[in-house]
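Both complexes shown next keep chain A, but they swap its partner, so chain B is in the first and chain C is in the second.
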Partner chain A sequence: MNEPLLTVTNLNVGFGTKSGIVQAATDINFEIRPGEVLAVVGESGSGKSVTALALMRLHPDNTIITGDVQFNGLDLLNLNDRDMRAIRGSDVAMIFQDPMTAMNPVFSVGAQIVETIRVHDSAVSKQDAWSRSVDLLQLVGVPEPKRRASQYPHEYSGGMRQRAMIAMAIANEPKLLIADEPTTALDVTVQAQVMEVLHEVQAETGSAMMLITHDLGLVAGSADRVQVMYASRLMETGTIDQIFYESRNPYTMALLDSTPDVDGLKENLEPIPGNPPSLLNPPSGCAFRPRCSFAADVCAGEVPKRIPVGDDHDSRCARIDELAVLVGETS
Partner chain B sequence: MTDTLTPSGDSGPEQTIAESTADRLAEAEGLSENPKSFGKLAWERFLGHRLALLGAIGLLLLVALFFIGPMFSEFEFDQRNVRDRKQGPSATHWFGTDEIGRDLFVRTAQGGRYSMFIGGLAAVVATIIGTVLGALAGYFGKIWDTIISQMINLVLIVPALIVLSVFASKYGAGALGLALVLSGLLWTRIARVVRGVIFQIKEQEYIMAARAAGAGHFRILFRHLLPNVVGAIAVEITLLVGTVIVLESTLSFLGLGVKPPNASLGTLVAQAKQDIDSDPLRVLTPGIFIVLIVLCVNFLGDGLRDALDPRAKAVDSKDDKKAQKAAKKARKELAKTGGTMPTSAKADA
Partner chain C sequence: MTVSEQALDTGALDGIGAREPILKIRGLVKEFPIMAGVFRRQVGAVQAVSGVDLDLFAHETLGVVGESGCGKSTLGRSMLRLIEPTAGSVTFGTEDVIGASKSRLRELRRDLQMVFQDPYASLNPRLPIRDIVGEPMVIHGVSKTEARERVGELLKRVGLLPEHGNRYPHEFSGGQRQRIGIARSLALRPKVIVLDEPVSALDVSIQAQVLNLLDEIQDEYELSFIFIAHDLSVVRHTSDRVAVMYLGRIAEVAEKDVLYTSPAHPYTQSLLSAVPVADPRRERSRQRIILQGDVPSPANPPSGCRFHPRCPVAQDKCKTDTPELQDIGGGHQVSCHFPLQTGETLLERLNELGREAVISSKTSSDSSASDLPS
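Moving on, here comes the complex of A and B:
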């Protein structure tokens, strides 16, 4: 059971642009165990989605990928196209950010789920696939699924569409669900409902989930483990409690300080000053250095390594030993 | 599939979601009517499109006139009645006769059939060529796009009339051959439209989603992309039919099209032009039929595009009229009462 489902080793993803190589994901190492929910958190452009797309090999043509991705005993980066297609949508399924554009406008929702099922198993009859898609819609909480299945995406509301996307993603009972900002395009009340559905479904199918988001609040309620990304690198990895209560990374702390909490105990939200660096020309040393309140001369030197600070918990910070003291002083 | 995914009757967690939030949402969205199939909706939208309906009926009438009409006439299309030359319309010769006494109604019908055949065939062949090449160029891009785009440019700079006249004078003007040459010259328009639309929608997230679901190139192209292009193609086909008919008429007018004693609408105009001063009707009749065919086909295409778009609103003319009436009444009342909202809207205000 503790054999990891997905193991990513030294993954680097770069894009060739006219002004040079943009390093979108650097030195990514992580694993996902069966049935667990791993949240990947970071600002826009930190490399979260790029990592996920690289795992699925859905990246654009001008992408350079190195590293090793093992999924369920398969070497994903060196699989031929046909085998890769067989995995997409069946063993690894993806839920996209914007339910408004992620469904084909000219097919009914049911037909799109049928399509997903029959891409991978053409032996399933259309009728069987259709009744299964109705079941799936019911499972994700679409009301009147029989009727709704024959409706078109534009007849669905945003939340309903995202539910249908989830139904489509779990149609083939994937071992790994990649949810790329599944609730970003929805309003807050609907977000909660969709996350609830995602959770039920994930528990029901026992699939692992990689939840990509920039919303720490969303992570708190739903993830087992969290990894924080900044400027193409993993900054801190740990269990949900380790990240929220025992963070050992200035960036994670800054993120937490800038997030409102439900109890309203925080008096001031501290925004992180400045903007994320350009990935075309990142600063020397630690990429967070220009915005970090703990930055010192050592930070400008080498890029800090990921240093283990506990069970399943590591952090990338050059001043990690002094950090505990420093945090005590400032707060 | 396994039991885990099938919602069971007992109160599992999925039931709670399904019942609590979903039912509320269902209520909020006002779901009451029964779903209609795509075909039925498209048909309704088509029927609601007045011009398209007019075009379809007009086209049917023209087909009936061209194919069935001559059966009611006692004349053959190449039958000369020298005594009845250059007559105006009469009970015997409905459209009159030409300079060697052939019945013009029968000849117009024959010309109409010929024009429709060439127009339809050339449009279909050109659409097939254009759609396939345009889709390949748009979807695969790169070298495919370069080659196909250059092919399109090459065909576009070829003067159609010259190619057609060379072809017609060398090989004669069989309807089949002419239609094929025409489609070989006219597929470029369809190809450009299809290429453009596919270029635009292949970047949509649902195409990425289809890839993420494991669909291959072939499936994405034909199952996911092309259905999105159907509306645009429908319009192009009808424009193409018009172009082909006009081109064929031009050729025939120049004496390069259909050979006598056969007629096409173009040759009829050409033959009549010498008498345009004394008998303008002879020029006008076939001309009007050319215009009618082209117009009807264009109206039809317009309606097809709207009908085939699932995003278009369902047309329910009865409800629509009722709603219009209610609004009109409310407006009148509003004017009478001097600005206060009528009863039904008052509650909100």
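Moving on, here comes the complex of A and C:
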């Protein structure tokens, strides 16, 4: 196996608030290997974006981060600000959900890509950087890239803006792309275009991608491996087939059962009862326990550990050994 | 004029037969003025809805799907006159909704209710839930004590506790707020509820709760729903019939299974092929037609068929002639000059025309990638 590109060990992210510390990401351990697509799925508030922002050190001031993040031989959490800035946008680049807030409205799209290139390599002349940004816009499928490069973000449609942001993100051929809900704001036909561009770009540059999304359909079509998060913790990690077909975690299973299917293969939707817990005051033991149909007394005790259940596959469930039998009984 | 005679006139309703619609929409148009200059003079108009014919039958759910800006929400609002339509008719039973006086419209609103997308914006933050749910009843002359009693029942029915009536909207989660919105819409025992993206702000586990709740109350209260949504998977789960909108017009209407298994409009077919499914094996074997470009601006819609600039199988006629919504059998209506035959795929049509389209499938994506500039 390749050396991992990114290794996250015991990462915890908390926010200090008036009512106490909100633990937004707890005990996060994972790695991303070169060239792979790792999807992080979970519902709102599960901690998936917080984890990504903490890796990039883009978190607000009231954040408490502990743990260790190794990227390509660098200790990201202990780099000085200058070195960290040098990594953002070159070796690691981010694509956000809303390109309108991520781009500067008073500079042309081309100028912003030029800046991204020259900040990291001042030896590149302005002219060269400009012609490269036109090439990049062409690569991500922006029509008439020469003319479009001199336009401003507000002159772009939503899908085009997202393409421009992808162009900016790949300008310095990053080793890792972090895409945080990259298509959530887009219509489904435009989403298909943007995902296609992301795949092409990723196949071409060989960069790894961390794809953060709530959409299991998007995951099924793009990821190599999947991490499922719930209430700040990783619940299950595995290859895409392990997660979708051989899940060993009640939350993952429930999430799949509650997702509607456009091909109509599901007769009934099985909702998950109740609501996600408050992170200020989480339940004892397993956070999913109050909503879990397999919950028992043992689940209220200690927080279950992540237990390996196969190659590259682990699950956080106190009743993991009985689960296969329990699932068989209810279905 | 009976329904069937009118159907012959418009050519739109053949095959539906004797079923009498509870809500009948004909030629509905909603224009918004475009103002410009210091004096805010009108310089043009956006036709958000341009000539929509739809029928809603008793106890059915009619799904209305489309991408953002296609006019589906404007359609929902103008059919209930929450905004005044520019032209067209809406008939509820035998009654003309568009021509109704203000006081009569208020009466009609007992029967015609709406649930909104954003559960945060549609509930008054300064009123306790009891007043939010009870307000429609008080407006319509139900005594306060009776209203209070019924609020308790309604809250219980939507899965909340009667005690929750004393709390304020901010104390509830998104899903619970949507339940409150539903309880409010049920307060006057309506016959029709227009649901405008009722679950799109909710997480998937909560979304399924609300969808199942809607299903239950529909049976219990014998309701007819117009279910407006952008999510085709959700619409498949909830609807009996589905209407697909594109740029202010109806592209296709059919029974749910017909629409999803043999869509006749090229737009419907490409829209369906773009929806991701939560099943890696199906995703891998799937061939996806990728539509080019974005939805054009409704302020300046394309000539002829509004879909023609993005349609991979458009022909010359599509650029000049506007297709009418026509029945192609069994109540399946489509507005396309060259509808796809049952079982015909867009790919087959493309081959027939000797054209290529951007097709994405997991097997071809590697070879089609272009070179990265260096």
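Going forward, the second predicted complex is superposed on the first by the 329 of 331 C-alpha atoms of A that agree within 3 Å, B and C clash if a C-alpha of one lies under 4 Å from a C-alpha of the other, contacts with A are read in each partner's own complex, and residues count from 1 in each chain.
Keep this in mind: a residue touches a chain if its C-beta (ideal position, glycine included) is under 8 Å from a C-beta of that chain, and two chains touch if they have at least 3 such contacts.
This structure is a prediction, so every number in the text was calculated from the model and none was measured.
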First, second, both or neither for A:Glu115, with chain B first and chain C second: first
First (chain B), second (chain C), both or neither touched by A:Glu204: both
Touching partner for A:Ala86 - first (chain B), second (chain C), both, neither: first
First (chain B), second (chain C), both or neither touched by A:Asp135: both
Chain B versus chain C as contact partner of A:Tyr152, first or second or both or neither: first
Which of chain B and chain C A:Thr9 touches, first, second, both or neither: neither
First (chain B), second (chain C), both or neither touched by A:Phe96: first
Chain B versus chain C as contact partner of A:Glu144, first or second or both or neither: first
Partner chain in contact with A:Leu58 - chain B first, chain C second, else both or neither: first
Overlap of the chain B and chain C footprints on chain A, listed as residue numbers: 132, 135-136, 138-139, 157, 159-160, 170, 173, 193, 196, 200, 203-205
Chain A - residues contacting chain C, complex: 43-44, 132, 135-136, 138-139, 157-160, 170, 173, 187-193, 196, 199-201, 203-205, 214-221, 240-241, 244-245, 254-256, 258-266, 269-273, 275-276, 291
Of chain B, residues touching chain A in the complex: 1-2, 4-7, 13-14, 17-18, 21-23, 25-26, 29, 31, 34-35, 37-38, 204-206, 208-216, 219, 223-224, 227-228, 230, 309-311
Chain B partner contacts - residues on chain A that touch it in the complex: 56, 58, 81-82, 85-90, 93-94, 96-98, 101-108, 115-116, 119-120, 132, 135-136, 138-144, 147, 150-152, 154, 157, 159-160, 165, 168, 170, 173, 193, 196-197, 200, 203-206
Interface residues, chain C side, partner chain A - complex: 67-68, 173, 175-176, 203-209, 211-212, 230-234, 236-237, 257, 260, 270-272, 274-280, 282-283, 288, 290-292, 294-295, 358, 360, 362, 365-366, 368-373
